[in-house]
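Each of the two complexes below includes subunit A, the first together with subunit B, the second together with subunit C.
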Partner chain A sequence: MIGYIARRLGTSIVVLLGVSVFIFALLHAIYPSPAIDVLGPRANTVLIQAWNKQNGFDDPWIVQYLRYMGHLLQGNFGYSYKLNQSVASLISGVWARSAWLSGVSLVLSVVIAIPLGVYQAIRRNTVGDYAATSLAFVLYAMPVFFLGLILIQVFALDLGWFSFEGSQSTSLLAIIGDWHAMTLPVATLTLISIALFSRYIRSSSMDVLAQDYIKVARAKGLPERLVLLRHLLRNACLPMVTLIGLSIPQLLAGNLITETLFNYRGLGLLFYTALQDVDYNVLLAYTLIGAALTIIGNLVADIALSVADPRIRLA
Partner chain B sequence: MSQTSAGALPPLDITRAPEGGGIGPVQTGWRLALREFAQNKLALTGLVVLVFFVLFSFIGPVFYHGNYLTSDLLSTNVPPGAGHPLGTNNQGYDELALIMKGGQAALEVGFFSAFIAIVIGALWGAISGLAGGILDAVMMRVVDVFLSIPFLFIVLIVAVRYGASVLSLSLLIGGFSWLVPARLVRGEVLALRVRDFVSAARVAGAGQTRLIGRHLLPNALGVVIVNVTFQVADAILAIAALGFLGFGLQWPNQDWGDLLSNGVGYLQDGYWWQVYPVGACIVLVVMACNLIGDALRDSLDVRLRRR
Partner chain C sequence: MRKKRIIGGLVLVAASVTALAACSSSSSGASGNSGSSSIGLAGQFGSVPAQSSGTEKSGTITVAEPPSSAPTWILPLPTGASASVYNDYMFDYEMYRPLYWLVNGVEPTESPSLSLANDPTWSNGDKTVSFTLKSNYKWSDGKPITSQDVLFWWYMMKAAIKESPADWAYYTPGLGVPDQVTSITAPNASTVTMQLNKAVNPTWFWQNEIGDIQPMPSQVWDVDSTGGTPVTDWATNPADATKIYDYLVTQTKSLSTYATNPLWQVVNGPYKLTSFTASTGAFTMVPNPAYGGPHAKVESNYQEVPFQSDTAEFNAVKAGSVDLGYVPLADVPQVKGLTSTYNEFGYPDFGWAYIAYNFKDTTGDFNNIIDKLYIRQALAHLEDEQGYIKAFFDGAGGQAYGPVPAIPKSPYAPANALSDPYPFSTADAAALLKANGWTVVPNGVDTCAKPGTGAGECGAGIPAGTKLEWNIIYGTNPAVLGEQTQDWASEAKTVGIDMNLSSSNFDYMIANYNDPSAPKMINKWAMQDFGGFTDSTYPTTFGVFNSTGSFNVGGYTDPTADTYITASISSPQIAAVTAEAQYLTQEQPALFQPLPDNAFGTAAILVWKKTVSGPPASFESLTQPIWEPELWFLTK
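Here is the complex of A and B:
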């Protein structure tokens, strides 16, 4: 068990280093220096070269990479020359808002998708199954922004139940309490994830239902409710652990689009404005954070799965 | 059976099929898979929808000449009606013509990036699986690295810097989508390389290139073909997202996401024709690709095949 975790941790660190080198090199190739942003568009080459030399932007990129990573370990994400603020302070101002939006949607989608998928598997090829499968199929093919737009049209503009904008409050407590503003963004992300998750739960439940231990459980006279709760549910949920870990890039992308659509100031909207302003350090920091979250997500998922499913450790 | 029960055996007639069920020609894997696919109504629907959109986007403009090039300020935001079947937008462009033009871009990027992804992925996976050992481990860690990079973020950053064209977006999306095919092909190759026909080919003196090109890849083609359809769907969703965020194709090229985001500002005015037709197009094409992919997977998976 310890050996498995240590091996898995080692691979993750190697991958994390590889990802950081790739992302840094790519962004460095695209935006070699922020000198123009600092000195203004009319700065001459002598000034730019002097500034580059003074701030270390004429060093080989590998030196710059090592310096950047050294700063990163101390929690220093660089400086946003566009917003005149350190990237760390920009991120610390908004990350909790994104975490709340994504966290609530993720929890809700898991809590809804599991019973839905299990129900579909038990009542396979009934009207209820067909309806749920079709709906999931349409949602699965739907771009996040189009779903959000439909929800805005129906529930904000036509019915007027909710706001078409996410909460603009700066206090997290106020955001948590503000369901008038937060229902539509949360619903958008939740529905998209349910479409993805319920398909997997349905098929993994069908696999489990065909197993011998379900037949044994039924044959020994266990009430159907206990068969489903003790034997089916626990085994059918195993793939969810991996799936959540694997779907972090999609969740981040969905978060970016939802925050932009609902004008909700989180990490996604920060990235979007940085794209428009070509704010190099913010782009670099958030891409690295996204990659790190993905790797950590996969690692946690694998370890959780090895705890939940002892067969994994043998492999 | 009535003839044999009479006692005397009928004269041997090798040109006639024996009674008790005909023996047709042996159904090979691909033909069987094709038949299975053709029996799946949902898959055929998906195929019809996809073919319709290909014709609509590429042949449609030959017959329908809507204005999408010069702004016409006298006919802005016209509701659907005679002359403009799907109305016009705030520039006076004809929505139907814009959707056709956007469909071209979506399908071109979708198919081209899927092609790139499949070619890189199949070769990468085949070489990795066949090589084994250190090379395999390194190649698979590279796949892990790329899989951990938030793909949409990188595509956005590069598209903002260098501008988006059909070619650049295809290369970019294809360059980040070969990872899943690479893993799938490697898995197939690992299973195939210990099979007898591969050993036989090796004993007969086939080199690595011939082994991969003639024996391993053709047999791993099933998983690759299934994956192509999902790649097309994902690519179309990705450029729609790019266009919606405002970093999509440059005029006079159109993309569906851009059209949709253009219409969003007028949602409150009730100009539904600027949002819902184009949104429906994205959903329909992506659904069609997913339906075809699901059906192909079912028909190529021997375990799921109906007897």
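Here is the complex of A and C:
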């Protein structure tokens, strides 16, 4: 097991380095220098060249990359010239907000989607299954933005039950307690995820129900409740391990559209704003963090899957 | 004061300044008109009601803070990176007032009562200028604003541009402040005198140069460390001035301490900062009891609520959660649903929107094509301004034909700003091309059939067979840029002009499609639509259409235009800038576009709750976009 984890970890580090080179080179090709952002649009070539030289932006890109990575290893993500703050401070100020929003949504999605999917599998082709399937398709096909707008219009503007925007507090504790503001953004993310997860669970459960060990369990007289809990659920949930692992980046990277729609300042919104402002270092840091989290999520999923399913680590 | 600034992308990139006629309840020219939208020169949407005569009540007035507008710079000496309408006018000017307030409602004229100084006086053949500070304005610690405070700003500015020319956003090497000033003195506690190296246009120098000066509290800020002893030789010792400037910049970069740093608690504006959230840009200000300018009898706190998207901001308006906000242009049809709660008003900002031509792009001999006046005239005939206003602005905008529009009303609009010199007509465009030697192929591509420089021939540098085809790049935000450009290209195609359309990001365009700062890209673009400019109060296009202008993006060169533009800043005649605008409107160095209504520095309609009142001009000025919240009060 340790060998397996070590191999996967080594692979992940190589992939991460490759991704970082690719992202840096790509961004460098599009925006070789933030000089105009710093100096203003009236800056002439002489001023731009002087600034580039002073700040190392006239070095070959690979030199710039190595310098950036050197700073990164010391926790220095650079400086946002647009927001006049260090990128690290910007990220540290919002990551927990994103983690809370996405984390709660993920947990709720899983808690609801698993029993729903199992129910649909064991009651397949019934009215309940058809209704849940139809609803799942509608939600899955619906853009997050559109779903959020509908929820805002109905539950915030028309009925006035909830706030039209997420919590504006800077305190995580206050955000956690602010259900009036957080219900709609959480609901938006949750409903979309339930649609996805429940389809996976339903499909997986139907596969498992057709397996011989389920028939054996039933044949030997095991109560149906135990068949479902002990044999069906554990095996049917294996795909969810991968899905949840892949959701880890979303936990911290936030949900760009939901945060934008609900004016909820998180990592996604930070990225959105940086994109609009061409905030060079924020874009770079966010993209690298997203890549790192994706790789870590994959790694965690693989490891978790190997724990849950011994056949994998033996392979 | 109000400066020429680039507009485009989602918002104005930089700002402009203000003025309001005293605490007068009378409205400027815009208010009082009917509330319906109009198409044409009027440009007005909705109207501003008269000031409420009821009881004034205090409270907190909440104002929407648009996306990407969080303040990041408190020192009243904005850098090239920090200068914006939001940072300067929504935030900094509430605490640190400029010498002159040069907006009055929708009009770019001075509001004397809001100016810190009396109008300047000139002597020595327009080479010496003096102004005196008014006695009614004081610092919040009770001390008077003195000429030393102006000089302190001056030497901080000199220290800034010595470190980098970009450290003061409005610095133009060799021009105006400070390079044309050979000496600055303070003959007494309230008078400042400047000697210039040559005669200048007094209106230009007053409104566009010294109007920007924001006195600094020299007796509080003359330190180079926290708790340090005063450094008093800043006027004579540049090294010490630099130390002070560096310290102030260090404090400015500490955003989280804005509301607590004692430095920033000494203000001369109507408000003092009491809370500031660096991560969001949210802030609250309370009235400065020592403010000496006009203000509401019962003052309210001023609070900005940040929004990260126009959609979120509009949801807040629909929910009635902000007292003042805006309705993005795309949502103007929904304004009717707000009328029970909000007043609404729209008016174009003083400036111009345009599609820039690249006179240096040699691709397909484009440089030789576009330098022909008849080509530019034909292109102007293909623009359906009225159609754009109706279709793309939902009626919230006005026509404009040159760098100085007829609206907002100003003393500088030329005669040809009043009626379109090149009205929409594809037939006229085709006729111009045919008359100058082109074979016109509707929905195809025109070619030069008669090369040469004689009458009826294509003109110099255009060989036979040259095609009328080139690329055009438009900004992705706001959407109206693309909509107008696409329609224009579509009309052009009907007379055989083939424009290859593509879109790009505003910041990318500014950085890469500007011939003076990105010469390697000269042949990468023929035309571009990134937005436009807000006009300076004195609306010369110096810097944009003069041959050596730092933002002459397409390298337009015309000796006659240079003469006019130079006259605008150096002749004593105020009419010089009108002549400049008249000539440029005629010559069409770019395709001038209609102006969408503006609020909060973006294409939008202004809305404010019916429970908020004040002098009409104080709401109208938000379209320019200048904030005067000290004049507002609550009625409930």
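We adopt the following convention: the second predicted complex is superposed on the first by the 306 of 315 C-alpha atoms of A that agree within 3 Å, B and C clash if a C-alpha of one lies under 4 Å from a C-alpha of the other, contacts with A are read in each partner's own complex, and residues count from 1 in each chain.
The working rule: a contact is a pair of C-beta atoms (placed from the backbone, for glycine too) under 8 Å apart; a residue touches a chain by one contact, two chains touch by 3 or more.
For clarity, every value in this text was computed on a predicted model and none was experimentally measured.
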Between subunit B and subunit C, positioned on subunit A by superposition, is the outcome a clash or a fit?
clash
First, second, both or neither for A:209, with subunit B first and subunit C second:
neither
For A:93 in the superposed arrangement: first (subunit B), second (subunit C), both or neither?
second
Touching A:260 in the superposition: subunit B (first), subunit C (second), both, neither?
both
Applying the touch criterion given at the start, work out whether A:152 contacts subunit B, subunit C, both or neither, answering first, second, both or neither.
both
Name the contact category of A:303: first (subunit B only), second (subunit C only), both, or neither.
neither
Return first, second, both or neither, reflecting whether A:278 touches subunit B, subunit C, both chains, or no partner chain.
both
First (subunit B), second (subunit C), both or neither touched by A:84
second
Which superposed partner A:38 touches (first subunit B, second subunit C, both, neither):
second
In the superposed view, which residues of subunit A touch subunit B and also subunit C?
30-31, 149, 152, 157, 260, 272, 276, 278
Seen from subunit A, its contact residues with subunit B in the complex are 11, 14-16, 18-19, 22-23, 26-27, 30-31, 137-138, 140-146, 149-150, 152-153, 157, 249, 252-253, 256-257, 260, 271-272, 275-276, 278, 283, 286-287, 290-291, 294-295, 298
Can you name the residues of subunit C that touch subunit A in the complex?
6, 9-10, 13-14, 67-68, 70, 72-73, 79-83, 164-166, 169, 172, 252-253, 255, 277-280, 282, 305-309, 311-313, 315-316, 318-319, 321, 477, 505, 507-508, 510-511, 514, 516-519, 543, 550-551
Subunit A residues within the subunit C interface of the complex:
30-31, 35-45, 47-48, 51, 81-85, 90, 93-94, 149, 152, 156-157, 164-165, 168, 170, 259-263, 265, 269, 272-273, 276-278
Within their complex, subunit B touches subunit A through residues 141-142, 144-154, 156-158, 160-162, 233, 237, 240-241, 244-247, 257, 260-261, 264, 267-268, 275, 279, 282-283, 286-287, 290-291
